[in-house]
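The first chain written gets the first letter, and so on, giving A, B, C and D; residue counts start at 1 in each chain.
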Amino acid sequence: MQFEPVEAPKVFNMPQRIGVYICECGPNIKDAVEMAELLEEAEGHKDVVLAQSFGFLCSPDGKEFLREEIRSHKLRRIVIAGCSPKEHERTFREILKEAGLNPFLLQITNIREQCTWVIQEKKVATEKARALLRGSIKRVRLHEPLEAKTIECCADVLVVGAGVAGINVALALARKNRKVYLIEKEPCIGGRVARHEDLYPDMVCASCLIEPQLDAVLHHDSIEVLTLTQMAEVKGYLGNFVASVRQKARFVDLNACIGCGACFEACPVSVPGLFMGGMAGRKAIHVPYAGALPNVALIDEDHCLRFQGASCRSCLESCPFGAIRYDETDGIRELKVGAVVVATGFSSFDPGKDARYGYGGADNIITSLEFEQLVNSTGPTEGKILLANGQPPRRIAFVHCVGSRTEKFNEYCSGVCCLYTLKHAHQARLQLPEAGICQFHSDLCLPGKESQRFYRMVLTEDRIRFFRLLRPDAIEIRKGSGSILIAHTDTQGELEQNEFDMVVLATAMESDEGIGEIAGILDVKLGENGFFEEADARLDPVSTVREGIFTAGCAQEPKDIPSSVAQGHAAAGRIMGKLEPGERLPLEPMACEIDPETCSGCLVCESLCTFKAIVREDCEPTVSINQAMCRGCGVCAAACPSGAVIARHFSTQAILSELRGLIG
Amino acid sequence: MTRRIIIDPITRLEGHGKIEIRLGSGGQVDRAFFQVPDFRGFEKFCEGRAAEEMPTLTQKICGVCPTAHHIASVKALDDLFDVEPTEAAKKIRELMHTAFIYEDHLLHFFYLGGPDILVGSDDKRFGKNIFGVIGKLGERIGEEVIEIRKRVRGLNALVSGSPLYPVCGLPGGVSKPVPEEERIGIKEIARDALAFARRCLKIFEEEVLESREYVDLTHLDAYSLETYYMGMVDGNNRVSFYDGEIRIVDPEGGEFEKFGAIDYLHHLEERVDTWSYMKTLYLKGVGWHGLREGKESGLYRVGPLARLNASEGLATPLAQQEYERMFDVCGGKPVHNTLVYHWARLIEVLYAAERMGEIAVDDQLTDPEIRNIPVQSPRKGVGICEAPRGTLIHHYETDEAAILKRLNLLVATQNNAGAISLSVLKAARAFIKEGRVSDLILNRIEMGYRAYDPCMACATH
Amino acid sequence: MQGVEPKIIVFLCHWCSYEGADAAGRGRKEFPSGNLREIRVMCSGRVDPRLVLEAFRLGADGVLILGCAPGDCHYKRGNIQALKRIPLLERILQQNGINNDRFKFDSVSAGDGEKYARIAGEMVERLRGQGSKNHA
Amino acid sequence: MPEKPKIALYWCSGCGGCEESVIDLSEDLLELQRRADIVFWPVALDSRLKDLEALGNGEIDLTLINGAIRLHEQAHMARLLRRKSKLVVAHGTCAHLGGIVGLGNFHSVPEILARSFREVPTVKNPGGILPGGFKEDSVRGPKLSGLTDKVMALDQVIDVDYYIPGCPPPPELVGEAVWAVLEGRLPEKGFVFGDRKTLCHTCPRLDSKPEQISLKGFKRVHETKWDMEKCFLPQGVICLGPATRGGCDSRCIQANMPCRGCFGPLETMEDHGAGILSFIASMIDAEHEDEIRRITDAIPDPGGLFYRYSAPHSILGGGKGPRT
């Protein structure tokens, strides 16, 4: 794929035959300048075959007039003086096209917005208009006809992360029969949501909610799910990415295993569960958790005796389906896709980073996620809220804004913690009618149409006590004798201390710890707070600055489930709007090019290109600009110390000759 | 209307020059002007530049002796930043400086001034130039000169970056160490350079000292000038190119003044002529009394002969022998005859070769410690070295950001300016009779200044 | 050389500042537009230092480069690339005898005709005081 | 046997390094003398002005002129040689772009003269007299040509056929140019001998140049040590290689010093400083004006550094305001 302009010499040797048209724009221009002088100015220039004024060039008559003029006078280049190019450049380019001229052989002179509308004195306005006109006439002689080339593209999509966001991207695309590769670094899909018990505000069962979606994903013909898989490398650009993904060995055949668990009994190695971290005990061969999908076992190399050198075959012998594959190895796959969606989700702030929360210093100080596991019927306590000693807690404290809304860690508000903390309190109340339940917060963030009702319900029915903090982190948690002490400063600045036997920390949502590596692989800069930067935070929040790379869910910023799903759908929509199977992709006609005869390969430009369009292929002495990725901003052209960048339409020569016209 | 004899341009020297001789009514020589029509203004346009750029910037004063300017400049920076170069750096600098003086002196002997005495002036078969010299002495010697200059310049390229323009000088050191494995090569070059230096003295012996014409000329008062002499000396008053104190002897050879770089302002002064861009230096202690010889005149001379006159010997054995022999033959110190500059120059070639040999075997030469980074904030720095054509002084003053505020440059040939004018006048008076001139006579006059190996680019800068 | 009407070259980026200049027009702002000579580029980062130097060589009395507000660049960082060149360019101009009243980089957002009129007006005023560069 | 082609060499305002680059042709110099007739070369031969004036127009086949034009007399000599010569080559950076002497354009002629002849501490000039530029005066001495208002490159005074860049040019390039002409292999007019690309292209350290260079500060050469194997730029040391024509055999880099731009810019970048400025700015790792200013303050003399060899040929001429 290369972009061939009509090479300059040929064009310049042709008679230029420039036509200059001045739009009177009713009185707007006609009455504000000496039209005759302008026409005289124009006619005075080499190659200008005629100059004319016309009432309203943008009117149907005006357009017809122009078309006719271009044809009848065999004009090769057109200058139109009138309103701002922002108004009608497109319009008039169309006219040129219709009249058989390349649309880029047009130059608009803005003598309305930037002249007659702001200059009262006719003489001054005329003088400026003449100068602007001179510039345009000198410039247009150097215009090159440009054509928008197209390239073929692939409409398949790679989705990274099979959480609720990624799954919904996949499903939305698959519904339109787009081929989707859904990769997930965990052995199972569904992400965080699949491991929640019930969801606010209506306390529906999370797994019941998402299970059908997971099922649909796993069984959809045009979705290929790759678990235990991570991105290794991504080359290319919108419509033409090549992604290499690395798949870890599972040592169990996905298609043969039905997760019957026969091998679990047989496996001699027990891996103890963790209370903190909310993990149940398991064997070396196991499924991550009951109900995990795909419901297929995997072997944990760190514990399996075979991988410690022993010759154990218990699982192999016990498997009724012959699904065990000891010889399976990690593998690399190359996927050809047109777009990539990053839906890698979030990590939760590690409260151990701040001593004030006493995390790790005492039993029974846990994070909300750990609490989430605790109340989960598939969790270590089958859903019972118990202390480390197996007793039910009598006094539970929920602490808000742990690691968020503080310059020390994360300035932002994660936006969802308040609601799930209310939910947790509610869940606790349902199990422990007599327990004392408190919340420590400095503000409550409860957006959304259902939240306030839920809050009122918790407030009124659940007998929760709220302590308001002076600042989000005006709190000190430490181990007491047989209990946990929480000292906090209230809004009056009074210091108060209370005792609890379980503390749940609502930790900030942070970008997934792997996101840096992924951003590196995708060559997309992360924003200051560690999340992906949007192409436009308001108007294009699902696109990254690199064309063809999109985000969904918490990879962009903290979100709750509905927003994650919504953004998943949005990403799918953007992709379907950009890539149509079998359709070719139009390129930016003003894309820059490198003159390989001049480029020294000094790489100055490469680092400047926001769109990563400039690359030096290995063992190539010079760089080249990918025509599909360049947006024609010309920053490289201004920076190249060799003058090796050929900027289209805004070439240095064109700008210089416009300058000469403006000042000369 | 006075008659004028004009030599334009004067030739076989670096830079631009014209001679205008004015004859009286009787055809006798009234006056002679030695004019230098070029000027660039380094002392102004280096202002505002960054101090650390000076060694590579000011060396462009002269493409023939850039190494000397590079050395003087970098020494001025050492002083400016008050930083002592490492031992290795000093050795590397001296090596390149000495090697450079070696090949530059050869350039003069074979290409520029030498032809005057190597190609007899009556000999019409050959032009007085390198091609004539080769014609006279044979292709072989030509090839050898070219070869050895090439190799010595190659050595400088190796040590300092470019055979012509060294770039390695930095305050407190140099940019690049000499790897131990290069030592053998350097030793070989030094060895062959020494052999060729002796060869040159032999040539001088046979072609010059045994040539009646030259010997007669050396006895003419036309080429004799009784002046003060200035040169840099080491602790034992022996000639030193790279570092030391400035010693001035009077026309009888007695020590007149001795001072360190920083004090040069108390000893030297320069005057301006409206008809030349070359300023004329003279001894402040004596003062300017016009173009006159003798103890009462502030005129002094620099360069090879002056260095030998102003010193008490040379630090290497073979050179010392030749040194003694020269003064023997010429009847004691100081020698005033300008044409003897040629001999003195070859003795310095010998000394340079021997010195190169010494440095080549110096352990410190290949020490990797080549730089000390300045820590002092800069103010004022003076750097002095002996350029092939004489004493060279760079003087910089900066702000605390090390941006040049003021600088003063006293460049080798400027020291000789007065002497050169007087030499031309004396030669003109001696050879022009009743206003009659011939190419031979003009050449005789030019020999009067050419022996100095003047560099006008330097002299005007 | 009083009373000379300064001519100022204004480089405007297609996406923001050019729009801002148009906005000044739509709002019929009062400012010395007659002294300005606008020239459109796609991005302020496209303004090659050569263009600025050439503008002065040709006799411009002042040069304005106006880009998008920080963070709003249509090409993400083009305006920052432009900004990075400014301090060195200012000093080069100074060393060539062109003082910094004659050269300014700033941002004007698409709607901000007010700011455009102000910035341009200020430079014209400053330069009216100084007369033409060619006689400075 | 046909007459040998005639060659002339002349030195305007410069240091003579270009003359050395001819002498450094070494044995090729002897070859040159065999194959051509050197009719005018004051540095090495006893050729006088009158010999030159005696030649007919266009009688010289090739003239190499080095040095910039700083004196009226040099402009006159350049025109004279142009008349006498079929081909004129601007030999070395001063003739090509103005060179070091072109730094004089950052000051006015009176400033320059005053400094050297009135102000320096050693000068004793109570009358405050200045050399040059006055009518002949038999008492004071012969007429001395005055300084031109601005330093000019050769092609700002006469029409130039080819250029040999470099301060000084490597003898190989001089040879290349001379043989090309003597053997009738004439390049297109205006051809610049040397590489078609900038120095990075052939720099021995190119492989160590990272794709992205982000600098929080620049270091001046006397302030820091650097890795002898690696590209200077990521080490914060300014090297002008990316903006400077190659063909010098990276001699400064070989000596472990950064490029100072003596080969000038490529034809495609008429203004050396602009190219240098752009690539240096692109390496600055800052987005806020005051930090950018802080970082660039470590480049105290951009004009003198970026236009060190090309002020007269720069867009603003290095002078105070545009040249008229």
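Here is the rule we go by: contacts are C-beta pairs under 8 Å (C-beta built on N, C-alpha and C of every residue); 3 or more make two chains touch, one makes a residue touch a chain.
All values reported here derive from a predicted model rather than from experimental measurement.
Chemist: When the contacting C-beta pairs are counted for B-D and for A-D, which pair yields the higher total?
Modeler: Greater number of contacting C-beta pairs: B-D.
Chemist: Closest chain to the protein CA centroid?
Modeler: D
Chemist: Comparing centres built from CA atoms, which chain ends up most distant from subunit A?
Modeler: Ranked by distance of C-alpha centres from subunit A, the top chain is B.
Chemist: Using mean CA coordinates as chain centres, what's the subunit B-subunit D distance in Å?
Modeler: Distance between chain centres, rounded to whole Å: 25 Å.
Chemist: What is the distance in Å between the mean C-alpha positions of subunit A and subunit D?
Modeler: 52
Chemist: Using mean CA coordinates as chain centres, what's the subunit A-subunit B distance in Å?
Modeler: Result: the chain centres lie 71 Å from each other.
Chemist: Counting in whole Å, what is the centre-to-centre distance of subunit A and subunit C, each centre being its mean C-alpha position?
Modeler: Here the centre of subunit C sits 35 Å away from the centre of subunit A.
Chemist: By the touch rule stated above, which residues of subunit A touch at least two different other chains?
Modeler: Subunit A, residues with two or more chain partners: 608, 638-639.
Chemist: For subunit C, give me the residues that contact two or more of the other chains.
Modeler: 48-50, 54, 58-59, 81, 95
Chemist: Please list all residues of subunit D that touch 2 or more other chains.
Modeler: 106, 269, 278, 281-282, 301, 304, in rising order.
Chemist: If I apply the definition of touch given earlier, which pairs of chains qualify?
Modeler: A-C, A-D, B-D, C-D
Chemist: For the complex, give me every residue of subunit D touching subunit B.
Modeler: That would be residues 11, 13-21, 23-24, 26-27, 29-30, 33, 42-49, 70-71, 73-74, 99-101, 103-104, 106-107, 111-113, 115-117, 120-125, 129-132, 134, 137-138, 140-145, 147, 167-168, 220-225, 228, 251-252, 254-257, 260, 300-301, 304-305, 308 of subunit D.
Chemist: Where on subunit B is subunit D touching in the complex?
Modeler: 2, 7-16, 18, 20, 22, 33, 35, 37-41, 43-53, 56-57, 60-64, 66, 77, 81, 107, 111-112, 127-131, 134, 142-143, 146, 149-150, 153, 157, 160-168, 170-172, 175-176, 264-265, 268-277, 279, 281, 288, 371, 373-374, 395, 401-403, 408, 410, 443, 455, 457
Chemist: With touch defined as at the start, can you tell me which subunit C residues reach subunit D in the complex?
Modeler: Spelled out, the residues of subunit C in touch with subunit D are 48-50, 53-54, 56-59, 70, 80-81, 83-89, 91-93, 95-98, 133-134, 136.
Chemist: In the complex formed with subunit C, which residues of subunit A make contact?
Modeler: 84-86, 110, 112-115, 117-119, 121, 124-125, 127-128, 131-132, 135, 545, 590, 608, 610-611, 631-635, 637-639, 647, 650, 652, 655-656, 658-660, 662-664
Chemist: Inside the complex, what are the residues of subunit D that reach subunit A?
Modeler: These residues of subunit D touch subunit A: 196-201, 206, 209-214, 241-243, 246, 265-266, 268-269, 275-276, 278-279, 281-282.
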